[in-house]
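Two complexes follow with chain A in common, the first pairing it with chain B and the second with chain C.
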Partner chain A sequence: MSTSRFTRRGVLRTGAIASAGLALPTYLRAEAHTGFTNAPGDSEVVLGFNVPQTGPYADEGADELRAFELAVEHLNGEGDGGMLNTFSEKNLDGTGILGRRVNFVTGDTQTKSDAARASARSMIEKDGAIMISGGSSSGVAVAVQGLCQEAGVIFMAGLTHSNDTTGKDRKANGFRHFFNAYMSAAALAPVLQNLYGTDRNAYHLTADYNWGWTQQESIAAATEAMGWETVNNVLTPLAETDFSAYIAPVLSSGADVLVLNHYGGNMVNSLTNAVQFGLREAQANGKKFEIVVPLYSELMARGAGQNIKGIPGSQNWDWKLENEMGERYVGTNAFVQSFGEKYGFPPSQAAHTCYVQTLLYADAVTRAGSFNPCAVVEALEGFEFDGMGNGPTLYRAGDHQCFKDVVVVRGKENPENEFDLVEIVEVTPTEQVTYEPDHPMFDGGDLGECNPGA
Partner chain B sequence: MRGLERRDVMLLVIVAVMTLFAPIILNPFPANSAMAQFNAGYPDLMQRFVIFGIFAIGFNILFGLTGYLSFGHAAFLGVGSYSAVWMFKLLGFNIIPAILLSVVVAGLFSVVIGYISLRRSGIYFSILTLAFAQMSFALAYSVLGNPALINLTNGETGLQVYPSDPQVLHGASAPNVTNLFGLEMRQTCEVKLGGTASGLSGCDTHMLPGAFGETFWAFDFNAGYYVCAVLMLIVFYLSIRIFRSPFGMMLRAVKSNQQRLNYTGLNPRPYTLAAFVISGMYAGLAGGLMASMDPLAGAERMQWTASGEVVLMTILGGAGTLIGPVLGAGFIKYFENIFSKINDGVLHSWFAFMPEGLENLFVTLLHPFVGKGWHLTLGILFMLVVIFLPGGLVEGGQRIGRFAFRRRNRKGGEAEAEAARKQPAE
Partner chain C sequence: MDAVILQFLNGLDKGSAYALIALGLTLIFGTLGVVNFAHGALFMIGAFCAVTMSRLLSLSHQVVDETRTDFLGNPMKVDVPYVNDWFGEATGALIIDWAVPISILLAIPVMLLVGIVMERGLIKHFYKRPHADQILVTFGLAIVLQEIIKQVYGANPIPTPAPEAFRGSLDFGVMLGFDPYTITYPYWRLVYFAFSVIIIGAVFAFLQFTTFGMVVRAGMADRETVGLLGIDIDRRFTLMFGLAAIVAGLAGVMYTPINSPNYHMGMDFLVLSFVVVVVGGMGSLPGAVAAGFLLGILQSFASMNWIKDIIPGIDQIIIYLVAILILLTRPRGLLGRKGVMEE
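And then the complex of A and B:
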């Protein structure tokens, strides 16, 4: 970390800063406090971590917060440095961001758009946060992203999987590292074809809200393209806990695959009901009946227990990725090791995306040489990086969505321990999940102009 | 003053002074001290104080006067918010049409719900209103938010303004944020007191804790807050007039004994319906203001927890009293926004002066009550208030006042407290 080497970028940056410093000795101090919202002082910079600490996604929120704390530690030069050692950019050296010590404030989104915005506004107005990150539901992410656009700070989205976050609700000040429903579907479809063939009839149960709809739309389009038929799509209320009434008609509908577009507790309950109804042993149309869960997480797998075995789905990242799939996913082990040492168990994909987002923001500020949101947006747009656990990744300029490999997983038949519940089936390469920014499922959005605030 | 007794004028003046100087009163601690954590004088929270104050004042007109406990008032708040955002989408970012429409729509909505629900009283009325509110929530959350059908609410994501919206009245030079004839609601002027360079630090910049080495106070004067505050004073004055009017007396009669009222040949339903609609319009105004301060309307605003919150605010502050609901609203919002942000890191910095073991002990002891545990602290305080101060915070204030002045206020205050103690109808 302490080796001093001259790079072209380093020389240019030092030169530019030095000349600016010489030319504007009097204006620089005044400039530092104007020009954009919450310009940080000389000693510290405040980041706002807005996660659900109560409500249905509190588990995810707690894990995200752990990851944020770890990221701040590493930025401030404490701990073992984690992914800073594997990240393809070497600008971050453990001295905070641009020489300022990183401080953070936390808030509770309660998984409600209103509460999340109130919490984010207090971080911006009261604590002077220059960047907001976190969130583990698409509604909250879209709401907070809109707020950050208006207030003129950067939003680094956490766990949000709906197409709309970087689709019709995309904003210039908002960035998403996590994958989305379209990518899930594009990655899953070929695997489903290999597993179950091209002649299948799918029955969808869909959580009746924004994320459920985009997930269902995406997976139906992808499976129909390879020859499957969609028999029926039934919307289920989000607050539903007993899905028996929705499962009962599935077998007599002529379907031979059940797609559960559910997340969190919903998915745990609907899958349990489906298994209780004997769907996994059932035969339909002369084939074995199958169940698919497009969006997976370790926490859900733990909740579903035995029932998850053998059921395919997709993930943004998995902690075993580097061990099983090789060098391409370097960074994974570095992160798992420092997370595990600090907390005693492997991180979830929500923790991973939040950790990476924090480092990416810090790196973008360092490369831009300024905390000004517009400079950060410019530094992140079209940014290509590696060594963050997902292989080579691109932050696309057109919609501020990260493009990287998608992990297709399956519930493990014989788990060795309570953290080893999913096995990686294959990793779908980036090219297969890439789409155009104006793809019909993402159309209607407008990034707008970056907003530096005041 | 118009139609008010001296005592009410005093109350109104006190409330007016408190609201106008709230940015100073709520920021008693220097901006870069450890106690700054407890400062509540930032625009978002101050706006919430007065907006929920309006909501609770309106709720109190129904619950405090007639004793009808509505468990579905959040529905009107939500409807008001959605109407306001639709005005932003269709007409433009001026808040006047938005607020007007939100009050009107909430009023109409409450006529419908009130007409049906008020056929029953007591617990049945509460359940009916709760059912209507949950229906509205479900409609807003999924049925009316599905892009495949008619998309009125944008579902879970929440209704917001997009650049592609028509905004027919939006002038070329008009600001692209909610405004009152050009005055932006998010405009905040900060005044710095103490330390070097005291004075107005500007209306565009925001100073940071830690930006300067010395002790100083920072006060935020926010345009949106003052718009809300003026509206709150107007509706507070209206509520005093209602409390003191013959109409208010009829509502109290409904609360104390509806059967007797029936026997005297009076039909109470028009009075209760009027009270219901008025409080619905108050809720609509609050919803419209919420959307005006922050142009996004989410369905959670209509959920039963939001309805329950206003009940808590009113009871905590003192049902049936004039100032109680405002105090209760401030109390709950303070806990929600300030206590929920105290995390372990903050606790450690407070007890850093202690030896390691003792520090960790204190942090462990306090941990369940702050951060995500703010509900727990609030719940304990709520229980304490209900058990020891059945009249709410107002009764607490009265007791302190009596203790200080060593005399009993036998005149108006007693009668009001008496009415507040009466059980709801039935």
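And then the complex of A and C:
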């Protein structure tokens, strides 16, 4: 008769300890000795791309994901190299990042802060992602940026346009390449003055979350400064799909301009409703009624179809920038060529900012010689670069916001093809959209200390 | 005054959609005694019939146009729809432009088939089960259907425009003596309202003036006695399920130009339509229609800015508040019959 040395109590105890160990976040166990969260091994580094795959910003999310895949290909030495060939820094040689092959995992933010945090947390804790990027909503960006700060990983924001991301909610571990609502308003207001004069009454429909609020605050301040009056500001739920009830009262409100502080699917639906209700043909206060969309994108223009013609707005970047505005915007054509060859259509501004952010992170790690988030932060703060499609650009140390030219556009009246939907009206130079980190619209934030995690 | 008229008009199209979905929902409940939570999915499948027809009519082959270049500078590949080859460019463009109304021809057989398969394949096994079981299984079915649509068509809304002739708006204000552009209303929303009135009228006429309808109404009043007369009432009720599916599907087809269809549009309407049925009175067809329009218009009025300034968020909850009030004062709903869901 044999006697087992295992006892029920012993097996339970061992199992419980093992389970607890496995359940611990990765950044609290094996790699703790390296001094920072999710330190990569010798062969591979994992990046986490957290994009909206469902919800009102799903189009932007899909394009962001394409751009991330392309960036990873280029970092790993595949494809034609894209903007690696035009980037002013020459540290990236197609051998991954610091000799590690780049791999990536993806998550669906669903354009909901809770879901975005959960998917980012999963990528950090289960997949060992050392950097999180992506997103197409400022609510999501602020939430995920906070999580990355706590976890000790770098957050390279995707499309986020709220002043808060690098304003009151700025974090040391977070960096934004995309422009913001203040910059949009500063670039757009002079163009609106030229187009529609100084005597206008504006009615605002605003997405009811932090991007919408700061967008409305910024554009209202800029237009009021030039003489416009804000007649009303109505907040609309982010999940709304039928804006007819919000559009219907506009014409009888005394307004002669409708400002749609909406983005993505929201904007496509609200603009379509506005056109259906005859606002484009209407006259008010003896003037032609006008519609303004402060934050614009080619993807939205595609969704809105003919409704977008003639409507002004602003963009972070446009795929025609180098062809139409010259060599200052070098890098644009290289990216469009790579992206277009791979996917069959030109990239959106969401794709551009995500692609650039991935390369900037890789370059910062390479310059720092370390994946340690605090070394990366140091490498990115005050970093000046060029050749990424926006002209000379600065990553300001004070708030981790990129400063570069802003593109003012309007829907093209006679498109030559299905991608030629937007025409560039002018490019506003960086100086005109620059502000101090403690500007009232950005005040109250504190970067704090960088957090390396473990 | 102009704002009141405008919100009244605005409530009509939303009310039309609620009424059409609720009509089918209450028809199924009245005949089969099933609370069908998959009914919103039928509305959504109808909308995707329009998307499918639009894509079928736009099927194209590519020809290279050497005189133009694409965004990469290569010779441009131009899509030429097959309908242009078959019927000429002008007629082809007209057919594609009218894709949504043409979709009705596809939606009727598809929705009848979907309805019958749904009833025979799944729901009939739950006739004698508690309402809670019926709700669970039909809600599960709705989730399955919407996930299938999501897999096939993707998660994003798909723009499906109205025919060019109906894309503008009518200046009601001028007709009523107001200033121009005071009250404008999109043509297609008027079409949708008229369409829903016709469909509702046709369903009532069918039930009121045909022998088939008479038997169905008799079966709704006393199923057992009708069965004892040797009439196969089950077969007729199955066809009524198909009819309800067609009504929901057509409501979905015609709704696509108002709001781009997406996979969860059925769920967006389902809960509100169920409230409409309860407010109208479970099993009451006129009740469902009356409550549909009533709640649609009330919801529209609740969206007026001055009302929202007094009670923020009222537009999101007005339907439920009214439902509570009506159920407190008339527990069977507006036109509900005694004995329904009271066993």
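Please note the rule applied: the second predicted complex is superposed on the first by the 421 of 454 C-alpha atoms of A that agree within 3 Å, B and C clash if a C-alpha of one lies under 4 Å from a C-alpha of the other, contacts with A are read in each partner's own complex, and residues count from 1 in each chain.
In this text, contacts are C-beta pairs under 8 Å (C-beta built on N, C-alpha and C of every residue); 3 or more make two chains touch, one makes a residue touch a chain.
Everything numeric here is computed off the predicted structure, so don't read it as measured data.
With chain A as the common reference, chain B sits beside chain C without any clash.
In the superposition on chain A, contact of A:Thr54 is made with both chain B and chain C. Once the two structures are superposed, chain B and chain C can be ranked by residues of chain A touched, with B on top.
Of the two partner chains placed by superposition, only chain B is touched by A:Ala143; chain C is not.
In the superposed model, A:Phe277 makes contact with chain C only, not with chain B. Applying the stated contact rule after C-alpha superposition, one finds that A:Pro237 touches each of chain B and chain C. With both structures placed on the common chain, the touch criterion links A:Thr434 to neither chain B nor chain C. Judged by the touch definition given at the top, the superposed model places A:Pro249 against chain C, while chain B stays out of reach.
Of the two partner chains, neither chain B nor chain C is touched by A:Asn201.
When the shared chain is aligned, chain C comes close enough to touch A:Gly340, but chain B does not.
Our summary of the superposed model lists a minimum C-alpha distance of 5 Å between chain B and chain C. Counting contacts by the rule stated earlier, residues 53-54, 58, 237 of chain A appear in both its interface with chain B and its interface with chain C. On chain C, the positions that touch chain A within their shared complex are 2-3, 6-7, 10, 13-14, 68, 70-72, 76, 155-157, 159, 161, 167-169, 171, 180-186, 188-189, 258-260, 262, 265, 268, 299-300, 303-305, 308, 315-316. Contact residues on chain A toward chain C in their complex (touch as defined above): 53-55, 58-59, 62, 232, 234, 237, 241-242, 244-246, 248-249, 251-252, 265, 268-269, 272, 276-278, 281-284, 289, 303, 305, 319, 336-337, 340-341, 345-346, 416-417, 419-420.
The residues of chain B lying in touch with chain A in their complex are 39, 42-45, 48, 138, 141-142, 145-148, 154-158, 160, 162-164, 177, 186, 188, 202, 204-212, 220, 294, 296, 298, 300-301, 336-337, 340-341, 343, 345, 371-372, 374-375.
Across the interface of their complex, chain B is touched by residues 33-34, 37-41, 43-44, 46, 53-54, 58, 104-108, 112-115, 117-119, 121-122, 125-128, 137-139, 142-143, 146-147, 150-151, 162, 164, 168-169, 208-211, 213, 235, 237-238, 444, 446, 448, 454 of chain A.
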